[in-house]
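Quick one: structure below, then a few questions.
All chains are identified by letter, namely A, B, C and D, in their written order; residue positions are counted from 1 within each chain.
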Amino acid sequence: MASSLFKYSFTTRLHDIDAAGVVFFARIFYYAHDAYETFLNHHQQSIEKILQADFILPVSHTEADFKAPIFLNEEITIEIFFQNVKDNEFTLNYHFLDQSGRLKATALTQHVCLDSSTRTRKALPDSIRSLLF
Amino acid sequence: MASSLFKYSFTTRLHDIDAAGVVFFARIFYYAHDAYETFLNHHQQSIEKILQADFILPVSHTEADFKAPIFLNEEITIEIFFQNVKDNEFTLNYHFLDQSGRLKATALTQHVCLDSSTRTRKALPDSIRSLLF
Amino acid sequence: MASSLFKYSFTTRLHDIDAAGVVFFARIFYYAHDAYETFLNHHQQSIEKILQADFILPVSHTEADFKAPIFLNEEITIEIFFQNVKDNEFTLNYHFLDQSGRLKATALTQHVCLDSSTRTRKALPDSIRSLLF
Amino acid sequence: MASSLFKYSFTTRLHDIDAAGVVFFARIFYYAHDAYETFLNHHQQSIEKILQADFILPVSHTEADFKAPIFLNEEITIEIFFQNVKDNEFTLNYHFLDQSGRLKATALTQHVCLDSSTRTRKALPDSIRSLLF
């Protein structure tokens, strides 16, 4: 398998856990996006710089698969993988691993590149494209 | 198309909106689950009754597609549709419609039926199966 | 006691509950703000209309007291009370009651009126002042 | 002023920002609790160990004061200060500082020590008391 673009670790908190005693399923997408923002920061392409530019990268499609429950105060590492890039969209994969390397969940975010004013598709700028390979 | 199992309406709040000025993509799954819980309540199969029973229904897979941004203080109606049911899992679809009937997003949650103690698959109880058609 | 300005009801959800099995303490402020936004909507002074105007009403101070735990799938009614108003600030109180009328929690939000551009204090507009008594 | 018990840093994320373009006021309490949980972990008194013991430490009262808005992708350091301890309760203060040392917000959480089964007050165990000075 290709090597990951980035690794990001976090610890699950009291408020991440739901009434069933495990991380609420939808939290996975918050963690994934936190990893994505940290990845952008790492490459001096911060999310607030993007929001001030003439393009936006909204999520057009997303998925997650849950393989094992994630519990309170677990340290999880997300590995971000590049899946594919087209002229005006790209897809990232996220692997959620516990500290023994067990895969707890996977997620995917597909981002489209839109013009900030018109919200129509435009070509992905090189500043972003160059981060993905 | 088949008629929906249930309709649920909500209004987007200040804290649902992110720094890009639209509903944060992962919020869609919170809304979908709120609709699902309200659907269960409507049929006297509340989520806390399920948590006290000998089975659990965790989400094993989920997806969403975003067609148009959802803004602050929008009233959105979720229609829940039955997609399929197997012996020990079922899938629901969620359509997010604005007040003019425009489809803003869709989501899907696949739930597996597990034994509460062993977390191994078991047959979906009739109390849940009977809600889905 | 003075009569309430507004009543707002909600049901606690799976994701509102934390690993201790009760509503996470900080959720109380989300519910309070949801009640406040619904109150504004009820009087045609929606939060997005305010955000487009020349003033903002950020929270400058907030408090909450927790009297009894709030559990999963509880229906709670928030009663909003006016506490005081000054030239450029106002304070609201929120009472969280269960369906038997038991007071579960109270919260308070103090809002200051700032000029949108300069973020300096300005007099509360009559459109807001008139809602408070 | 007394030295802080603990320092915890975090970066604000896209989803922390609300429709007004700043961190939603109630998020401050999530950050404060994240800092508190990290402080407990640091002293091998993790939140999940506490949840398995015969006492709980729910928040009975909380407050926050907002001095300046916190923006997207800001790195904030929370300093936790001990305020006071009684036989069966304690209070912590949280200072939110930006990277230039400017105080953006303060928060306070008062925790009571309750018996896990009866939810009546009991003396704070030494394992917790010893962390506070």
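FYI, a contact is a pair of C-beta atoms (placed from the backbone, for glycine too) under 8 Å apart; a residue touches a chain by one contact, two chains touch by 3 or more.
What you see is a predicted model; the values in this text were computed from it and never measured.
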Which chains are shared contacts of chain A and chain B? C, D
Count the touching C-beta pairs: is C-D or A-C ahead? C-D
So which chain is farthest from chain B, going by the mean of the CA atoms in each chain? D
Report the inter-centroid distance (CA atoms only) between chain A and chain D in whole Å. 27
Provide the C-alpha centroid distance between chain A and chain C, rounded to the nearest whole angstrom. 33
Counting only Cα atoms for the centres, state how far chain C is from chain D in Å. 22
Could you list which residues of chain B touch at least two other chains? 14-15, 19-20, 26, 30, 33, 47-48, 51, 72
What is the shape of the graph in which nodes denote protein chains and edges denote touching chain pairs (line, ring, star, complete, other)? complete
Mind listing the chain C positions that touch chain B in their complex? 11, 13-15, 30, 33-34, 37-38, 41, 46-48, 51, 71-73
Under the touch definition given earlier, write down the residues of chain D that touch chain B in their complex. 14-15, 17-21, 24, 26-27, 72
Touching residues of chain B toward chain A in the complex: what are they? 19-20, 22, 25-26, 29-30, 33, 47-48, 51, 56, 58-66, 69, 109, 119
